[in-house]
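By letter and in written order, the chains are A, B, C, D and E; residue numbering begins at 1 in each of them.
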Amino acid sequence: MFRQINLKEKGIEIFLSLSAFVSILTTMGIITILFAESFQFFKNVSPVEFFFGTQWEPLLVPKSFGILPLLSGTLIIVAGSALISIPFGVLTAIYLSQFASEKTRNIIKPVLEILAGIPTVVYGFFALSFITPILRSILPFTEVFNAASASIVVGIMILPMVASLCDDALRSVPRSLKEGGYALGSTDFEVIKGVLIPSSFSGIMASFILALSRAFGETMAVTIAAGATPKLTINPLESIQTMTSYIVQVSLGDTPQGGIEYQTIFAVGIVLFGVTLLMNIFANWVMNRYREVYE
Amino acid sequence: DSAKTSSANTLSGTVKIDGSSTVFPITEAVAEEFGKLYPKVRVTVGISGTGGGFKKYSIGETDINDASRPIKDKEIKKANENQIEFIELPVAYDGLSVVVNKNNSWLDYLTVNELHNIWKPGSQVHYWNDIRSNWPRKEIKLYGPGTDSGTFDYFTDAINGKSQSCRSDFTKSEDDNVLVQGVAGDTYALGFFGFAYYKENTDKLKIVPIDDGNGPISPSMESINNGTYSPLSRPIFIYVNPESLKRPEVDKFVEFYLAETYKLSEEVGYVGLPESLTKDIQQKYKTRSTGKWYSQK
Amino acid sequence: MNNKIIIEAKNLTLRYGKHPAIRDCNIQILKNKVTAIIGPSGCGKSTLLRTFNRMNDFIDNFNIEGEVLFEGKVINHSDMDPVEIRKRIGMVFQKPNPFPKSIFDNIIWGPKINGFIGNQQELVENCLIDAGLFDEVKDRLNSSAMELSGGQQQRLCIARAIAMKPEVILMDEPASALDPKATMKIEELIKKLKKSYTIIIVTHNMQQAARISDNTAFLYEGELIEYGKTNSIFTKPDKQQTEDYITGRFG
Amino acid sequence: MNDILSRRKLKAEIFRIIATISTWSSIIILIILLGNIAWDGLSKVNWTFLNNFPSRFPHKAGIKAAIWGSIWMLALVAIIAVPIGVSAAIYLEEYAKKNKLSRFIEINIANLAGVPSIIYGILGLTIFVRFFQLDRSLLAGSLTMSLLILPVIIMAAREAIKAVPKSIRLGAFAVGATRWQTIQSHVLPAATPGIFTGVILAMSRAIGETAPLIMIGALTYVAFVPENINDPFTTLPIQIYNWVSRPQVEFHHLAAAGIIVLLVVLLTMNAAAILIRNRSLKKYKW
Amino acid sequence: MNNKIIIEAKNLTLRYGKHPAIRDCNIQILKNKVTAIIGPSGCGKSTLLRTFNRMNDFIDNFNIEGEVLFEGKVINHSDMDPVEIRKRIGMVFQKPNPFPKSIFDNIIWGPKINGFIGNQQELVENCLIDAGLFDEVKDRLNSSAMELSGGQQQRLCIARAIAMKPEVILMDEPASALDPKATMKIEELIKKLKKSYTIIIVTHNMQQAARISDNTAFLYEGELIEYGKTNSIFTKPDKQQTEDYITGRFG
């Protein structure tokens, strides 16, 4: 009777582990595809030019293959949208979980989640026809297509993700901890900053990772609002291009497939993959370092 | 006539089309009309770009490819590897339009040579008065479509003599509507894109007549159709797999396409081919003559 | 001995939803005294205690009727700032609830946000010594408080509360998770603190109540049955119920 | 000392005001955005629009095929991705040992969340459309989209599961429950609100994605309603994207109308999830 | 009286990371007896107790050396199914941890998943009566257990454990949150249960240990200092440390 190993339990565990394994298969698939094609690419283009070149015009004659402009474009968008979505998202989550009444919260949260479902094309046009004119009236030298307004809409777009997930994380902190904080005569702000946020740190970080990953991979809105101009710049008021929008542009464009122009998208894909990986490893490190477990 | 309807009612099957988003509106219009006559035939049209479309076409996944540029040698090679042939059929013209902002008061026309000077690789034109010295010394802002679009491909070929050869420091956007907004919002802008987008935005933009040696001509239905708007009108194509034509529904569809394209392309903002050319093309289709044809002409 | 009233409840009725947990309670807590609240489980001790520093604000369907006064001021109105009150009225909870931080940070956090500028190390050590925890944790002040045993966590929470040097300390069964030695330490601490602080303690331990408190309140099913000098309550209670409860003859 | 207190209180108050303003400004932006769309599109949403197939004439064009395509796809994605995602989350939180492999899977999943959707399109095209020969079918599209949103579901579900207090699990184990019984009866119900948040966000993403579907060959002109999972299909965002990029302004208005329809579909889908979430939020408080 | 050994620890060393919480412990728990574990806070009582039903499996950096035997079989190997063990060895925790479900469901859940087919209402009521909670909650069996007071929650957890009718019940300070009346009920319950069950109880309350246990183990800083008949431990302990602790003269 003691030796009996529960078959059903074992079966469930195996099924669950297979589900987790799907993600590994996905990654393997992606890496295989990316590497197979970029291998061809790097036969023709030296990695030095690719990683350190400052001009990206694989489709122009003469061609140039320096990825830095795409990288800078991507980073501007990610940084800009983080600047919007993280503070606003976290503040919204705090408002929802701490200040808002149950009723308000039950209305606001779903409403915000609608923001996440609006097709990104729409955000692009919203940026172009609403945010850019405002920017241009404040800073007249802003270009019609600019990274700033793209970052802003991407920030708005991923804000619900931050807000909604952080709200859940904050709410799952046991009430006794919160009370412990208040019992020391602290204000709402101090309890939030000193007790709630540290206690739900891993959830908050997870929301940032998800949201910024989305910003990282965002395409349509950026293409429309920021143009498709690869340019090595840190000026958010200029037109730029991101890695993803380059990939979409080429894969849905008129470029013939199979040539070196087309292989660029896989090389860019690899870089994108690598950069996300680095970002995630960093986030993971931060999370493990500062995670505080309760209970 | 009753015989025709009965055949229409019984004809069934699918016609798979993919390819350029530029050609899409025409193909869609044809499919819509065709569907009224042959309700049992399922016509599907995708938009994965000329290049993406050719990839699918060249492994036999589609019957017809919409293309905003002629097929390239690489693509022919790919298709040949899979024993897939093609009949190249021009279906309409798209006039590229060069436009400036409504507030641009100084520009009357541009010559082909001036355009070349502006757009050539390594161009030294940075201010308007670099083009003509009596124009204002204001920085010129250039707008153009994404470098992988058929429009860009054709423009560079026509103006700079070699496709994809171009200066790189202009503002690009994938979406022609977006370019419209760019030029409309920028007094010192100059840009180019498909004629249909100008036609819908005449109130926001000013068209630039082009002089190729025979006097400045603005793009219009007429000037594009009769070839006087030169060199910026380009043909757009469909590529048909002769193997698929063995299926009557595909055959009927292409036949219908060629018969109706003049009328339908105008309805969706493109310019129909001149009648003489249409005849040639229909003839070519009848004889199923495969291979690259237009660019040699 | 002064007999100044520091906290007073007037006609206090406390409800969770409709269910009344305290009914029409009137009680006066004297300054610099130790007041014990005793009564069977579920009689409303915690509820009453938590009302004194507005901890019940966090319970959704809680509502309050009547008045609670602190130094003569009504504190249960929403225009009264609970932060101020809680700073002056500290609390130790029934279930230990350390913050998921280091032991050191658990104690220093309160004083720090209140602008403490003295020697942090010293403060932390003194509080730990007072709470009888110092020896056990002196080598690992920077490890997580979550790794402490149940009793250690509770003593940490006491240390955390006294680090704030409040005027009143509310203790909800602070010693229930402690062994005799730690309990004795806490009792000594309470006796020491009472010179300068007012202490209200909920306890199940009659001996403890008898040992340390000056006054004792006996609650039963939400009603304050008897309140008076601990001596007299434990030797000659007025009410039969009180006597039954104290002698364990109850129910 | 009192000075400090009032400063702290001021800080808290300012913070509260900032948080409130932040929230409401997001709402206002949403209202502007939706207002913009409604202004352009509301008048176009009518029966003809809902019940017609695409057309070159704006007044005749409709989105019947796209609506059904989207609904089919979302339903399939929900069936495929939610069980797999939640299972994976459970495995990682409750079963997997905290070792190198589970760390690797963890980072891997976070990383997948950042892979741009177009790459999933390429993956879907290679694997589902070509290798498994699913063709350009609803099934191929849904499988691709499921892979795309899996990381979102997994990560949100993991956080939700993690937030369930350990003492609850211990209590269950102590009455002789197996791991799965504990998970099923205590962990999952308590984690439901968080899981649903993840599902809502993921489905919202799935409904708005265009590029990967175009990549695997979801179509744009489809004049029939898909009848089974092997049929070709189109979806709302593809149709919207197509209309937006047309030169004629009437089509832009149709696009706005399409967006309204998309949001309605999204809302109806989410409403169920939100209801469940709010119901269980009340139940699990500690 | 039979003296059958039901649980036995052999050379048991338990560590959190490197820090040893129990050192080289050998102890034999007798069947149908009440064994009390006493000792100062943090000495390792909970740690030891939790090893008897493999509850420490859930602590990441916990490791175990030596053997724990249940009815002569080693149970601390990973091929032994802990579920089976926990069904037969129930537990009540130091901090009450009711499920966020109704009171009724809290109790019935364990029996239900283990295939209970009898009268649910009856079982729940009996367990509540045994745990001394029935009267307080009889009108609200379907309301959430999270709304109970601390002591009520603890009694609910006891009811939950006995509903499983285990062979051994481990109790980690089950009465620390209870008032004298409830405590007495629990003690009576323990006395009643001991006829058919084996009980191991951690307690801080010397009187309680003396009242209810047959055998007592005294732990100090991770070491088992003394173990024997409760009578002799409390009247003439072998070791000085034990005597000091019991009389409160400690430290």
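Just so it is clear, contacts are C-beta pairs under 8 Å (C-beta built on N, C-alpha and C of every residue); 3 or more make two chains touch, one makes a residue touch a chain.
Quick caveat, the model's predicted, so the values are computed rather than measured.
Q: Taking each chain's centre as the mean of its C-alpha atoms, give the chain farthest from chain C.
A: B
Q: Have a look at C-D versus A-B and report the one with more C-beta pairs in contact.
A: A-B
Q: What's the chain with its C-alpha centre farthest out from chain E?
A: Most remote chain from chain E, centroid-wise, comes out as B.
Q: What whole-number Å value describes the gap between the mean CA coordinates of chain A and chain E?
A: 49
Q: Using mean C-alpha positions as chain centres, tell me how far chain B is from chain C in Å, no decimals.
A: 82
Q: Where the centres are mean C-alpha positions, what is the separation of chain A from chain D, in Å?
A: Result: the chain centres lie 15 Å from each other.
Q: Of all the residues in chain A, which ones touch at least 2 other chains?
A: Residue numbers touching two or more other chains: 6, 9, 174-176, 187, 190, 251-252, 295.
Q: Please list all residues of chain C that touch 2 or more other chains.
A: 83-84, 87, 95, 113-114
Q: What are the residue numbers in chain B that touch two or more other chains?
A: 21, 47-48, 52, 175
Q: For the complex, which residues does chain B have touching chain A?
A: Residues 20-21, 47-52, 54-55, 67-69, 72, 74-75, 78, 121, 141, 146-150, 153, 156, 162-166, 168, 170-175, 178, 181-182, 185-186, 189 of chain B touch chain A in their complex.
Q: Which residues of chain D touch chain C in the complex?
A: It is residues 1, 4-5, 8-9, 12 of chain D that touch chain C.
Q: Across the complex, what residues on chain A touch chain B?
A: Residues 55, 57, 59-62, 64, 124, 128-129, 132-133, 136, 143-145, 223-224, 227-229, 239, 241, 245, 249-259, 261-262.
Q: Going by the contact rule set out above, which residues of chain A touch chain C in the complex?
A: Those in contact with chain C are residues 102, 174-187, 190, 194-195, 198-199, 292-295.
Q: Quick one: in the complex, what on chain A touches chain D?
A: Interface residues on the chain A side: 6, 8-9, 12-13, 15-17, 19-20, 22-24, 26-27, 29-30, 33-34, 87-88, 91-92, 94-96, 98-100, 106, 108-122, 125-126, 130, 156, 159-161, 163-165, 168-169, 171-172, 174-176, 187-190, 192, 200, 202-203, 206-207, 209-210, 212-214, 216-220, 243-244, 247-248, 251-252, 269, 272-273, 276-277, 279-281, 283-284, 295.
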